[in-house]
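After this come two complexes, each holding chain A, first together with chain B and then together with chain C.
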Partner chain A sequence: MTLLTVDDLVVEHRTPGRPAVRAVAGAGLTVSSGEVVGLVGESGCGKSTLARAVCGLVPATSGNITFQGGPVRPLGLRRRHRSLLGIQMVFQDPYSSLNPRRKIGAQIADGLAVAGDTTTTPADLLERVGLPRGFEGRHPHEFSGGQRQRIAIARALAARPALLIGDEPISALDASAQAKVATLMRELAVSSGAGLLFISHDLSVVRIIADRIAVMYLGKIVETGPTAEVWANPRHPYTKALLGAIPAADGAGHLPAELAGDVPDPADPPGGCRFHPRCPVAMDVCRAKEPDFTPVACWLHEPA
Partner chain B sequence: MSRLSRRRRRLPEAWRRPLAVVGGVIALTWLIVAVAAPLLAPYDPLAQELPRLAPPGPDHWFGTDQLGRDIFSRVLYGARVSIPLTLLLVVLSVLIGGLLGACAGYFGRWVDETVMRFADLVFAFPTVILAMVVAAALGASLTNAVLAVLVVAWPSYARVTRGLVMGMREREFVLSGRLLGFSAWRSLRLDVLPNVTGPILVLATLDIGTALLLLSGLSFLGLGAKPPSPEWGAMVSSGVEVFDSWWVATFPGLAILTVVLAFNFLGDTLRDALDPRTARAIKVRAL
Partner chain C sequence: MTLTISNLQVSIGGAKILRGVDLALQPGKVHGLAGESGSGKTMTGLATLGLLPHGATTSGRVDLAGRDLLTMPVRELNQVRGKEVAMVFQDPATSLHPMLTVGRQLTEHMRHHLRLDKATARAKAFELLGKVRIPGAEAALKRYPHQFSGGMRQRIAIAVALACSPKVLIADEPTTALDVTVQAGVLRLLRSLCDDLGLAVLLVTHDLGVMSAVADEVSVMKDGLVVETGPRERVLRTPSHAYTRSLLDALPGETA
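Let's turn to the complex of A and B:
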């Protein structure tokens, strides 16, 4: 069952006196119940903005976001609409994702209150994310970054979300904690039947936990497909470049191939295919027309 | 190493500096005086039965005024008038200014515009003049003087709180709370306000001196406490009439000076203690 549908989403950041920045420029995406979708891309490609739009934290300029059949309305000053409480998010920075002045038990209890759950206690949730039961009376400063991220996951899960979003939840953690926290998120989301949209720039982690991968470049999804398929047979030149940039621990001493150039300014994207200035196989058509099709937005893979 | 860590546990570095200790001792002394004035004062502060304008001596440490009242007793009783009113004043300014500023910063738009334009309006006038105008318009009484100072004191809290709240409302834990269905009010109360209290507390402590000065100033100008009341500003004012008897104005003036200084020292200390950067600078200098 499709849980979340993002269709042709555009999000612009407007600053007076400057050209509008199209952080998300017509992206489409779906997440089903029990499915883990990994959204990958370089910094500044609009992944986080997409996630925030799905939560209603930034308003969509155009396009549709549908969650469980209803539209996602942006969060204003009113309370979040009941129908949207099923979308919960784990943020990037573990040092600012918990209120430093409140006990973690109370913060997890906020999540339980959303679900109307009176039988589960914060201690149960701490246990589920792999922390000792007795910690609920402590304050966030007593925990490490990885532990804090587990607490943030516990709080989000306490609300029994149908869709959990992780906005680079592991990028601020050290390498030993990254894989653990990521697999924990997957296990907990899948076992509760929720969908998980996992945003990361770390392909090797996404490969472990995601069922499906969506590759984002400069505000657009350029390739989607089952993880194994994309991994084994990347089709978009950008996906190939991303995969090629992963260092191989084979002892051969080869440095990974680097993609030339930088991400262009989203306020002034290149005409035609957004990737053509950096693309090793760019053709004339790439400079002229934007490839607007799925699952691979590349003229080399134009559907018949 | 162990000696150092034991020392650190006792009192933070900033609180062990001489100025902090002096400020703390003076402020504490005045608080005790305010509470225990009836026990400490040798004479009735209002009784006009002593020789007039007696200079300071063993019987009357601070002398007597032109109506034959013991100035030492009056200064002690004055602490009961000025200090509680000043503290009340600052607390009310923090509450009113803080709440308005928090709403302005959190809700933005027209709330922000309305509150901050009123604040700007107050800032546009010289503080003392505006307080005088308000006090004069309300009528001369101590309550009205407090109200007048309140009118000029709240905007600085509103401004500071607004800025802090605006910085805090985009923090991820505040957003998380909103995603969990917190109303704006609950978010403000649970997530935002508890995390901005530090700087506001410093401002409030630094402001106690200013508020006392302003309140005494209004009384000095005849816009505050009425004559028999042993209010320090009013006492200085009556001392000006008998300039040759220097003690009549000097001692209540010294009382104002010491309280203002003490709370300024405490405010500085609190600021240094709460700001890790200055705290570290002090430590480096102390070593």
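Let's turn to the complex of A and C:
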């Protein structure tokens, strides 16, 4: 069952005196219940903005976001609408997403209150994320980065989300904790029947946990597909470059291929296909017209 | 041999962090240091420059051209740090000073260590930015770190480290905070600097892929000890230690 549909979403950041920056420029995406979707792309490509729009944290300029059949309305001055409490987010930095002055048990209890759950206790949730039950009386500063992120996950799960969003939830963590926390998020989301939208620039982790993968470039989704398929046979030149840049631990001493150039300024994206200035196989049509099809937005893969 | 670490032991508050580490860096070679976090790889890098946290006790020897960096007085060590041995850290967003221009950060220690006048230092800084492939060097010198992307910042941090032409570069997870596409560029840069300048590089990383791409020699650490050392190809293809094998087996789906 499709849980979340993002259709032709545009999000613009406006700063007075400067041209509007199109962080998300017509992106489409779906997440089903029990499914883990990995959203990958270089920093600055708009993946976090997309996640924030799905949560209602930033307003969409145009396009539709549908969650469980209803529209996602941006957060205003009032309480978040009840229908949106089923979307919970785990943020990038567990040092700033937890309140340093409150006990972690109390912060997890907030989530339980949202779900109206009176039988589960914060200690139960700590146990589920692999922390000792007795830690509920402690404050965030007593924990390491990996443990804090586990607490943030416990708090998000306490609200019984139908959709869990992880916005780079592992990038602030120590390298050895990254894979563990990512796998934990997957297990907990899938076992509770929730969908998980997992955003990361770390492709190797996304590969372990995602069922489907969506590759984003400069505000657009350029390729989607089952993870194993995309990995074995990337079709968009950008996906190829992204995967080709991962060095293999084969001992051969091959330096990974460098993708020429920088990500263009999203305030002034190139005309035609957004990737054409960096694309090794750009054709005339790429400079002239934007490829607007799925699952691979590339003129080489135009649907018949 | 440029830098030789022998039987390096470090304790912090009674806990033994390093239990006798031996490493030898050679000019023109990248020596990769792998291992899980907590295995002591970062501490090894910090110990060589006397950057350990307060209260740490050390024994053993870190030899740089006949001098022991561990027992060297701080005044003397300050002449070595940044001049003969330089360091690049994981996060370029925090290792550069946010309120100083790139030009100032590039020239400050050149003026101090090499006693260069302002104009010469500036000319050298310009040259360095070209070496690490920062476009528009003249303008870049006047800009602040936040005006650059993560990959560009790490290139600047490398330029800062190279400014006094050190013999040894210690790079602690230099690409961990970067996107893979940017990582590829920084790795290529490290490799070429090592080849062209004859720099001896200690590359601390948890990423065996990164290791495989640039390292000549590989050492694997576990619990404060080097458990395996050897040429890259041998260690990564036919690891002799069970721990190295377990690290390689932990890689997702790499069966090749």
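Structural remarks
Heads up, the rule we're going with is that the second predicted complex is superposed on the first by the 304 of 304 C-alpha atoms of A that agree within 3 Å, B and C clash if a C-alpha of one lies under 4 Å from a C-alpha of the other, contacts with A are read in each partner's own complex, and residues count from 1 in each chain.
The rule is simple: a residue touches a chain if its C-beta (ideal position, glycine included) is under 8 Å from a C-beta of that chain, and two chains touch if they have at least 3 such contacts.
Keep in mind that what you see is a predicted model, and the values were worked out from it rather than measured.
In the superposition on chain A, A:L75 contacts chain B only, with no contact to chain C.
Of the two partner chains placed by superposition, only chain C is touched by A:A248; chain B is not. In the superposition on chain A, A:R14 makes contact with neither chain B nor chain C.
In the superposition on chain A, A:F91 contacts chain B only, with no contact to chain C. According to the touch criterion, chain A has no shared surface contacted by chain B in one complex and chain C in the other.
Considering their complex, residues 55, 57, 75, 77-80, 82, 85, 87-89, 91-93, 96-102, 107, 110-111, 113-114, 152, 155-156, 159 of chain A touch chain B. Put simply, chain C touches chain A in their complex at residues 36-38, 149-150, 173, 176-177, 179-185, 187-188, 191, 206-214, 232-237, 248, 251-254, 256.
Chain B meets chain A in the complex at residues 107, 171-184, 190-191, 194-195. Across the complex, chain A meets chain C through its residues 42-44, 171, 174-177, 201, 203-204, 207-208, 241-242, 245-259, 262-263.
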